[in-house]
Structures are given as C-alpha cells and as structure tokens.
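The two complexes that follow have chain A in common; it is paired with chain B in the first and with chain C in the second.
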Partner chain A sequence: MEVLNGLGQGFSVALQPMNLLWCLVGCFLGTIVGILPGLGPAATIALLLPLTYGMDPTGGIIMLCGIYFGAKYGGSTTSILLNIPGEASSVVTCLDGYQMARNGRAGAALGISAIASFIAGTFGIVALTVMAPPIATFALRFSSPEYFALMVLGLSLVVVLGGSSLIKALLALLVGLWLTSIGTDLFTSQSRFTFGSSFLISGIDFMIVAIGVFAIAGVMESIQAGEENTPLPVPSSLRELLPSMEELKACRFAFANGSIVGFLVGVLPGAGSSIASFIAYGIEKSVSKHPEKFGTGVPEGVAAPEGANNADSGGALVPLLTLGIPGGGTTAILLSALVLWGVKPGPLMMIESPQVFWGLVASLYIGNIVLLVLNLPLVPVFAQILRIPLYVLFPIIFGLSLVGAYSVSDNIMNLALLAGFGLVGYVMAKFNFPTAPLILGFVLGDAMERAVRQSLTMSQGDPTILVERPISAVMLGFAALILMAPPLMAALRRRRLAVPH
Partner chain B sequence: MQRRHLLTTGAALGLGASLPARAQGGWVPTRPIEIVAHNGPGSGPDVFARAVAAALEAEHLAPVRLQIANRVGGGGATAMNYIIDKRGDPHVLGVWTSLWMSLPLVQAEARALTTDMTAITRIAIEPALIVTRAESPHRTMEDFINAAKARPGGLRQSGGSPTARDNLVRQLLMAKTGARWSFISFPGGGERISAVLGGHVDIMIAEPSEAGEQVRAGRMRVLAQVTSARLPGFPDTPTLTEAGFAITDVVQARGLVAPPAIPAEAVAFYQNMFQRMAESATWKKYLDDNQFQGAWLSAADTATFFIEYQATLRGILQEAGVRVVR
Partner chain C sequence: MASRRFDKDVLAGLALAALGSFIALRATSWDLMGEDGPGPGFFPLGYGVLMLALSLVLTLRALLRPSIHAVETGDLAGHMRALLTWAVFAASALAMQMTGFVLGFALLTMFIVAYVFRRGWRSMVLVGFGCSAGFWLVFTQLLGVELPAGPWGF
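Presenting the complex of A and B:
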C-alpha cells in the first residue's frame, strides 16, 4: 500500500509538464550520447551538471536519470550497425548484433534491442520500486569472496563463448587477463607492464580494446575479403525492417534472463554493466538449443545483453537511493548532483525527501516509455545507413573509431593503442582465435584479481575463505559445472556411439 | 581559532606582496587562463577545478575567461608533466591534490615533481572521520585499538591505495600504539562503505560527506575525527588527539600550482586573486556544502607545505613497506 501511495504521489510529480519536459530532454540527450562512441553518460552528466544548479532538484535528477537510461538505449545502435560499441555496456551486443546487420536484419536487431531494453529496463524499475530495501541489505552480504566467485563464474563462460577450439579460447582469455593487469596495482601502488611510459600508468581503457578488436579488425577483414563492393542487403519494406514474430518468440527467454541477471548484477556496487551483459549472453548461449549459431546473428544474442545492461541501471539505483552508496561512475555523479541540490542521499532519503525519491522512480517508468517511443521510429531510419556503399561506410567506421578512442581520455596515444588492438584483432581472426574471450578476460580480470587479493588479506592468507561462505560456494559450484560440461558431454557422446557395436 | 589566526597572518603577508604590484601596473593575464584537472569530468579534481572557476567568475575576480582542461592519464602524471612542460607560461594553472605529492614518490614513470612547480596557494582541507558500523562492538577508538592488540592482524580497515591518506593514518596509528590491523584496498568509495556496512571490515576513514548520512541514520558510528579541531557537524566526537592518539597531521589538501619559472609578478597576482576568492561568500558556501575546511596559504607557505608534506609522506611510506623510488 505504502509503495502504491508513494508511486501515485511520484506520478503526480513526474507528470507535471515541466518535469515531463526534462524527462524528454534527458532521454533525447542520453540517446545521442549513447550513439556517440567514447562520450559516456558519466562525462555528459558531469558537463551538464552546472546547467541544472538553478533547477528544482526533482526536475534536475529526472533529466540526469533520463540521460543515464537513454545512453544505455542508444549504445547498441553503433554496435549493431557499425560494430563500434557506443558504450562499454554494449560491447557484447556487437557479437550478434553486427552479424544480424550483415545478414540484412539490422532493423530487426535494432528493434529487438529497443524492445529488450524496454522490457528489462521496466523490470529493473519495478524491482527497484517494490523491493529496494531488502535487496540492498542482501547486496551488503556480498563481500570480496563472493565477488571472486562471481568473476570466476563469469570467466567460466569462456567455455561457452569460445569457438571450436577451447585451447584457443583459453589463450585469448589469458591475453585479456594480462592486458587488464597493465597499469598501477591498487594494492601496492606499483606500476605493472608500463615499460617506463607514464601513459600506461592508469592502464588501458576497455573501450579502446573493444573498438580496436571489433570495429577496426572487422573492417580490415572485410576489405581483405574484397567485400567493399558488395552492398549489404537492406530490405525496402517497412515490415521487413522490424523484428518478425519468430525472432521475437526466440527472444522470450532472453528477455527474462537479461532482466533478472542485469538487475541482480546491477545491485552489486563492485560489478559493472558490461559484466552483467556478458553473463546474460553466456547464460543465453549455454541454455540455447542451437549454441553453435551464436555469433552468426541470432536475435536472442542481442536481446540478452541489451536487456541486461538496461535492467542494470535499475539495479544500480537500489544502493544509491536506499543507502546512498554509488556503485559506479555514473551513479557517483548522480549522488554528487543530489548533494548539490540540497537533497541528502542516504538511508533517510526515502523518508525525508519522498517527493524526490518517488518522483524519480515514477519518471523512470515514463522515461522508459519515452525511450521506446523515441527509438522504435528511428529503427527504419538508422537501418538505411547500411545502404551507404561499404567503400564509403568503412572510412566512416574508421573515423568514428578514432574519434571514440581519442575522446576516452583526450590523448593522442590512445590512437596508437587503437591501431595496435585493431591489428591484434585482425591477426586473431586470421588464425581463428575467438575475440570474445579476450574481451571477457579484460572485463573480469581486474575485478577478479582485486577480489582474490582482498579476500586473502581478510583471511590473512587462508584460501578457504573463498569456498567456505555459502553464496560464494554455490557460485563456484556452478562455475565448476560449466567448466566440466564440455568434457563430460564429449565422454557421454563417445559412450553412446560405442553402444551399437 | 588556530586556523583563523593563520589565515589572517597569511592574508597580511599576501596583501603586502600583491596589492602594490597591482597598483604599480604589475602583471595581469592577457589571454584565457587554463586550469588543468588531472581526471575526467565529474571526478574530484574536475569538480574542484570547476568550483574554483565558478567562484572566481561569480566574484568577478578574474579579468579573463577561465577554461578547465582535463588532462587525464598516468594516474595524474599526464597533467603534472603538462605543467612542467609549460615552463614560464603564466596562463596555465593546475589543481593539485595530495596525490601530486605521493605519485612521483612511488612511480618511477611519473617524473614531474610538485616541488619543481611554482606554488600558488592551498585553499581547502578535507577532514576525515574514522567510522565503524552501528552493530560493531567498538564504541571508542580505544576499544578498537585494544581489540586490534588482542588479535594482531585480525581486524580490518577498508580504504583506497596504500599511498592514500587512510593508509597513512593507519600506519601512524599502528606505529604509535603497537596494534596491528590489515588494510584492504577497494577502488571506489561505495565499495569501501559497503564493506563496513556489511560487517566485512571493522573500520574505514571516510570523508564527512560520505559517512555523514550513514551516521545520521544510525547505521554508522564515528570513533574519532582525523582533524585538528572538532567539526561543527560532529561536536560530540573526540579528535584523534583528544582520544589519546596524537599523530602527525596528514592533511588531505587541495590548491593551485603554476608551471616552473613564471614571473614573480604573476605569482603575486594569483596569490592576491585566490586570497580574495578564499575570503568570498561564494567559496565559503562551497566549502560548507562539501564539508571542507578553509585553509588558505600564501604562495611561499604553500611551497614550504609541499616540501614538508613530501618529507612526511616519504617517511611514512618507507615505514609501511611501500617501495619509494625517489
């Protein structure tokens, strides 16, 4: 009842014309920020923050949250169309999204991405509305051993993500783990693998690796294969530009999977949305009836990660709004924005500033609808981009990649790194090494290393801390199952073949 | 009151040096001033740089435009190198934090030393609180120290990097009391607080803005204040010295520097400008909103502060077993 009262009050705030306008402005800006690679929601919110000083706090936070949600929606656009991840959270979407576009299903991929974002985003907000306090308390039980187990579970997905050769997938994973260790070690303040250059002290940004390995390497491969003169198939009728019934049906499980995984991972302050989308993709592939088709353009391979990274936003707001704890860069800036407006984010915010809390939650519901309405009509428009001949499109992809990598930290050295990773991705493709495990290792390696070292410091060197806690034990058990599955299946198959003799 | 006194003394010195220079038609900026922040938009140094620019503009203290330049990379080294490379250019300023002193000490790749730059001013100190969760058995700092003595290494503190203030204070407290507890590094403030609230670690050293709301909601308790005098928001909690643990004050401070070898007239101009800013209502409101303390120092005193702070830091880090490279 209390929730319904609060929400009712919230909608009366959020539906005021000015607040509705701010919501629209935020969603629109967010979508654009999402589409532009390199420029992220955190930086955008920080730059726009001074403009909102004079605003009423409710209107201000509604607009900023619109940017946050909008960026997650828009991030998939360039992933699908150009193989350039627009945001760190849309990297996984490249795997199947770009392949769908190459198969002439760009419109379908964009549509599915928008629908998955809407469903999972709404799920995240509903979960935030009805169970924020208990789930925040649950998240506090997660400590370093649990994070370690979560990262191991994530890494075990290499078995699923790798292509035909497990050895090659593991090698790629190890390279990813190594790359993520470059930079300053948090525990000793010493630098690792920087080769005496101050440029590498803060490590390599994830976006540079992802754009290099996906976009740059992809273009080089296509050019070598002489594809630049063959146009991509783009259907002309509007009906074929939208997802078909069969495609939507194939995504039924992915919608639920993305929603739940994204929300749960989002609630944890130590895990980002790229981890959520990777895990959702891995689960989707491991339960699929046709896992071998993943990576060739299956709709559920777009729906699961896109859903997860949108449900993640709702999850990330749980510790922020109930406890005043920011989980990541964007929520940290939202927190400082609240402070500037004189709202005190913390355990008492729901009680002391109910109009801000409920107004924000209600505006998220509205924002999600706005984003769907804003994004769906754009699908046919964006799909037309692929009508541009490839010999024109490829230089555009190169240009956007350069801009994206440069703007990550405004440093010209980023471009050298981008070129390097483009080459790495190209060579890997030539030798049939899958690139997804490299990205997986890069995303999870840092967090896993931290978690294991934190755990061992806590236990004064006793490794049993990693397995003796129930949550971590269960997750490690799942990881072991996933790792054991392929050899077991192979053994079973051999026995079955042996029986007729 | 001590601080107020220091401020007036500094003010007198500053005015003596700068006002005549201006009156005699000394140096004034002729093109926009670039203020360098070592991290991206939204980060601590960036927000601080923008607050400085906003205060200068609101108080009409700068005759030219101010631009914030985010020179990100190298954990701060990119921005520091940039300042060093701009030798003699009086139209560039950098926002320094305690990190600018610690980074070159521990990382061979970071070659620029803050002590080689032209000190301009120190304008804010960030106080800190030692907090524990409400359910914790430790009710005072003494409880915690005694428990740590009973179980050497068994108690835990969450914090950031080993060169950050939270570890420096821990090292000093351990050296003073003989107690030992472990230090667990987390990259983000949210994770550090979660570790305390979840009961996975015993204490953390938090900024008042981070922990204040948790304390007000009854979820956290303050054991001691890492400040020279009690903060207005926490009148009933003792400072470390009052609690019986007097240690060297490792302040976390912020201010501005200029490239090496800029004209003395330019130093005088900036000193005057920032002193007037530090006294303005706009700046005082910013400090209050963020629970910072005003701590204006003249250019000469800031230079001394750099040297002393670096020396203290080197001593603590060496004692803590961190490899110091210069």
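Presenting the complex of A and C:
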C-alpha cells in the first residue's frame, strides 16, 4: 500500500509539464550520447550537471536519470551498425548485433535491442519500486559503524569486480580517498594537503575530477587510437526496424534472462552493466539449443545483453537511493548531484524528500516508454548523428568540459585542475588502472572518514566497536571474504597446477 | 633487466609508493588521536600506509614475474599526438585568463582540426571560429553562464 501511495504521489510529480519536459530532454540527450562512441553517460552527466545547478532538484534528477537510461538505449546503435560499442556495456551486443546487420537484419537487430531494453528496463524499475522501501526501513537501524562497514563492503565489491587487478583497483581507490582529503578537515578545520594554496582550502570539486577522468581522458584515448568515423547506411523506415515473429519468439527467454540477471548484477556495487551483459549472454548461450550459432547473428544474442544492460540501471539505483551508496561512476555522479541540490540519498530519503524519490521512480516508468517511442521510429534519425565528424565532436567535448569545470566556481584554476585530471585519467588507462574505484573513493571518502571517526569517538577510541555490532560485523566479514577470495583462489590454482609436476 | 625499469607496473608502483610515503609522513604531522577521538591525521595515515604497502607489492610482483608488461611504445606516434593535444588543451585553458574563452577555445579547436585530423585551413578556421561562436552564443548569451573574458569582454 505504501508503495502504491508513493507511486501515486510520484506520478503526480512526474506528470507535471516541466518534469515531463526534463524527462524528454534527458532521454533525448541520453540517446544521442549513447549513440556517440567515446562519450559515456558518466561523462555526459558530469558535463551537463553544472547546467542543472539552478534547476528544481526533482526536475534535475529526472533529467539526469533520463540521460542515464537513454544512453543505455542508444549504446546499442553503434554496436549493431558499426561494430563499435557506444558504451562499455554494449560490447557484447557487437557479437551478434553486427553480424545481424551484416546479414541484412540491421533494422531487426535495432528493433530487438529497443524491445529488450524496454522490457528489461521496466522490470528493473518495478523491482526498484518494490525493493526500495523495505531496504530503506532496514537501513534505518544503521549508525556510524554500520555505515562505515557498508561503505567498506561496497568499495570491496567495486575493487574486486571493477578491474582485472585487485591491487591496482585498491590503489586507485586510495588515490580517490587522498584526493577527497585535500582541503579543510571538517572536524578540526586543519588544512590538509593544500600545499600552501588558498585555492585548495575548499577542496577539489567532484565535477572537475569526473569530467577530467572521464571526458578529457576519453578524448585523449580516442586521439591516441587515431579513431575516424565513416558514414554508414542505416535503416530508413519503421517497417525495417520491426523484428519478425520468429525472431521475437526466439527471444522470449532472453528477455526474462536479461531482466533478472541485469537487475541482480546492478544491485551489486561495482559489477556494472558490462558484467551484467556478459553474464546474460553467457547464460543465453549455455541454455540455447544452438549455441554454435552465437556470434553469427542470432537475435537472442542481442536481446539478452541489451536487456541486462538496461535492467542494470534500475538495480544500480537501489543502493544509491536507499543506502546512499553508489555502485559505479555514473551513480556516483548522480549521488553528488543529489547532495548538491540538498537531497540526501539514503534510508531517510523517502521520508525527507518523498517528492524527489517517488517523482524520480515514476519518471523512470515514463522515461522508459518515451525511450521506446524515441528509439523505434527515430533510430534512423538518431543514427545520422554518426555523421558528425570527430574533428567537430572532439572540440565540442573539450568545450563542454571547459564550461562545466569553469562554472563550478568561476575560477581559472579549475581549468588547470581539469587538465591535470584529464592527464591522470589517460595515464591510468594506459597503465591499466580502473578509474571507477578512484571516482567512488573520491565520492565516498568524506563520508567514510566521518563514519569511522564518529564510530571511534562513540567508543572513545576502541576500534572493536566496528565488529561488536552485529550488522557491521557481518558486513566487514563479507568485505574481508570478498577481498581475500581472489588471492586465495589464485594461490589454490597455482598449487593445483604445481601438483602434477 | 634494463627494460624492467620501464615495466608499467614498476613505474606505477614506485610513483604510488612515493605518494603513499608522502601522505603517511604528512599525516603524522597532524593529530592522530585526541581526547575527542581520531584527529585529522588518523584517516590519511591509514590509507597512506596501505597505499605504500600495496604499491610495493605491485612493484615487487612486477619485478619477480617472468614476463614484462612494458610501457606500450608501439604506438609512440599515437601517444605523442594525445599528449601534445593535452598540452595544447592545458595551455589554452590557462591562457583563457588573458585571451578569454572565445579566442582560447577557437585556437584549441583549430589545433585539433589541423594537427590531429590533418584538415585544410578552411575547415580549421570554419570549425574553430564556428564552435567558439556557438559556445559563446549558447552559454554566455542564452544561458547566462560566466566564461573567462579577455580584454575585449568575451
């Protein structure tokens, strides 16, 4: 009943003309961003966030979530038509999507992708609606030790699932923690790591780090790779986009598989939609009657990963909205946006800001329908964006980055920092360091430090408070298990391999 | 053995070990634990020491493993192109205090068009000033966003 009341309130907010407009604008921008290779949802939200400072929080977050969901929809277009994933999560779609296009079924592949995205996206939002209230109620029992343990658990998952090397992911996370320490200590007003600069006393703004690491570094990587885009033939009518009945029938299980796997993986911090789409594709192939055909252009090979990729978004919003813990780079930016507007995501969000919470959830239902309507008939139009030459696109991304960073505090030093973080992001990519842990460390660092210091103040310096309370003890235990599992497994594997010799 | 100095993980490990040492040393100069609980040095000391330990593990592991993950030098031209673009981006961003956004951004765009994409001077001028004028029109004029202004006011 509480859910239905909340949803009713949410739809009354989301259906207000201005909020509908922001939803439409977000979905539209997100789809464009998803289509453009190299500009992901995290970078776009980071770039456009400064423009939403003056907006009403409900309208602002509705627009940003529209971008988030829209980018997932649009990401498949380049995978199918160009064999270039628009987002990391669309990599798997290339396998069968591009093959379908080569077999003359580009329109059907785009259509299946849009339908799978709609079904799985809606499933993810329904699951978010049902699961969020009980999780938030449970989290009301949390105090500082539990929050610290929860952040340790979330970051452990991010570190383990987010990259190929556990040590590198942990190091990236620690650099993020350091960056967030720069400035004035909130408890004692002590300046930390400011190097005598008055500019750094107020700390580094999250937006500058995010834009630098995602947008500037992304363009630098594309320039290094020497990317060039070439115009391509795209389906010209709605009829060409509609899959056949046989193709839809073949995708029945894939729609369900993508929905469930995507949502469950989305709830886990750090797993991300790339992993969700890989798992869904793997399951689909393993249960298929014709696994050998995967990779040659089967519709299930498009439906499963695209569904998982979209259901993941609803799942990722569960820990963000109910616990205040983002699971990835994009949700970390959404968290900072909410905080900027004075809305505190967490167990009290539904009580303190019901119009924002339920308005956002309701707008996701509307956005999903908007995206289906936008994506089915307008894909041929959107695909024309691929004709924008990169020598125009890259300066536009640089320009938006400069505007975004400068508008944080109208200070030219922000631009110097932006350039610095762009270089950091590029070097990290070249040295195979994942960037998501750095961003999450930066976003959660302050709250984590506050939680551990408050906990130790509560216990008068006794660290056992963190393991004496059952919830925090369980979460810290899980975190330890998660962090110890990969090296232990590797050691066991080495031992097993050594035995025959 | 000489090439190990250029192993990606060794270089990264040493740089991060230096950063971890700096953080830990700096943190010890602040209160670690006071009567009211942990001080400003407590948390940085923790992650500084952890960073130092992990970066040393990364370095040692790289030195001990048989295969070497050397810094990619195969695409030296690509790296140079990216780094030079970054240098021009940084220089034009800082110069905007004197040149203003419009001129600084136009010069940056012209560099990208001419150097990275090897387009002719017409495209260079057209895209450079077109993008710059577009940004000025949308952000400064329509949205009222403050951008660095040169001596001529934009």
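Operating definition for what follows: the second predicted complex is superposed on the first by the 269 of 501 C-alpha atoms of A that agree within 3 Å, B and C clash if a C-alpha of one lies under 4 Å from a C-alpha of the other, contacts with A are read in each partner's own complex, and residues count from 1 in each chain.
Following the convention adopted for this analysis, a residue touches a chain if its C-beta (ideal position, glycine included) is under 8 Å from a C-beta of that chain, and two chains touch if they have at least 3 such contacts.
Because the structure is predicted, anything quoted here is derived from the model rather than measured.
By the touch criterion stated above, A:Leu423 is placed in contact with chain C alone, chain B being left untouched. In the overlay built on the shared chain, the residue A:Thr457 is in contact with chain B and with chain C. Touch criterion not met for A:Pro377: it reaches neither chain B nor chain C.
Using the contact criterion defined above for the overlaid structures, shared-chain residue A:Pro17 touches neither chain B nor chain C, since it reaches no partner. In the superposed model, A:Ala225 makes contact with chain C only, not with chain B.
When both complexes are overlaid on chain A, the residue A:Pro345 reaches chain B alone and has no touch with chain C. Once the two complexes are overlaid on the shared chain, A:Asp410 sits against chain B and chain C alike. Using the contact criterion defined above for the overlaid structures, shared-chain residue A:Ser336 touches chain B, although it does not reach chain C. In the superposed model, A:Phe187 makes contact with both chain B and chain C. Overlap of the chain B and chain C interfaces on chain A comprises residues 50, 187-188, 190, 410, 454, 457, 460. Residues of chain B that touch chain A in their complex: 40-43, 46-47, 50, 54, 70-75, 77-78, 81, 102, 106-111, 153-154, 156, 160-163, 182-191, 193-195, 197-198, 200-201, 209, 212-214, 216-217, 219, 289-290, 322-323. Residues of chain A that touch chain B in their complex: 42-43, 45-47, 49-50, 139-144, 183-184, 186-191, 194, 196-202, 269-270, 319, 323-329, 331-333, 336, 339-340, 344-349, 409-411, 413, 450, 454, 457-458, 460. Contact residues of chain C toward chain A in the complex are 8-9, 11-12, 16, 19-20, 23, 26, 30-31, 33, 36-40, 42-44, 47-48, 50-51, 54-55, 57-58, 61, 69, 71-72, 75, 78-79, 81-83, 85-86, 89-90, 93-94, 96-97, 101, 105, 108-109, 112-113, 116-117, 119, 123, 127-128, 131-132, 135, 139, 143, 145-148. Interface residues of chain A facing chain C in the complex, by the touch rule stated above, are 50-51, 167-168, 170-171, 174-175, 177-178, 181, 185, 187-188, 190, 192-193, 216, 219-221, 223-226, 389-392, 394-396, 398-399, 402-403, 406-407, 410, 412, 415-416, 418-420, 422-423, 426, 430-433, 448-449, 452-454, 456-457, 460-461.
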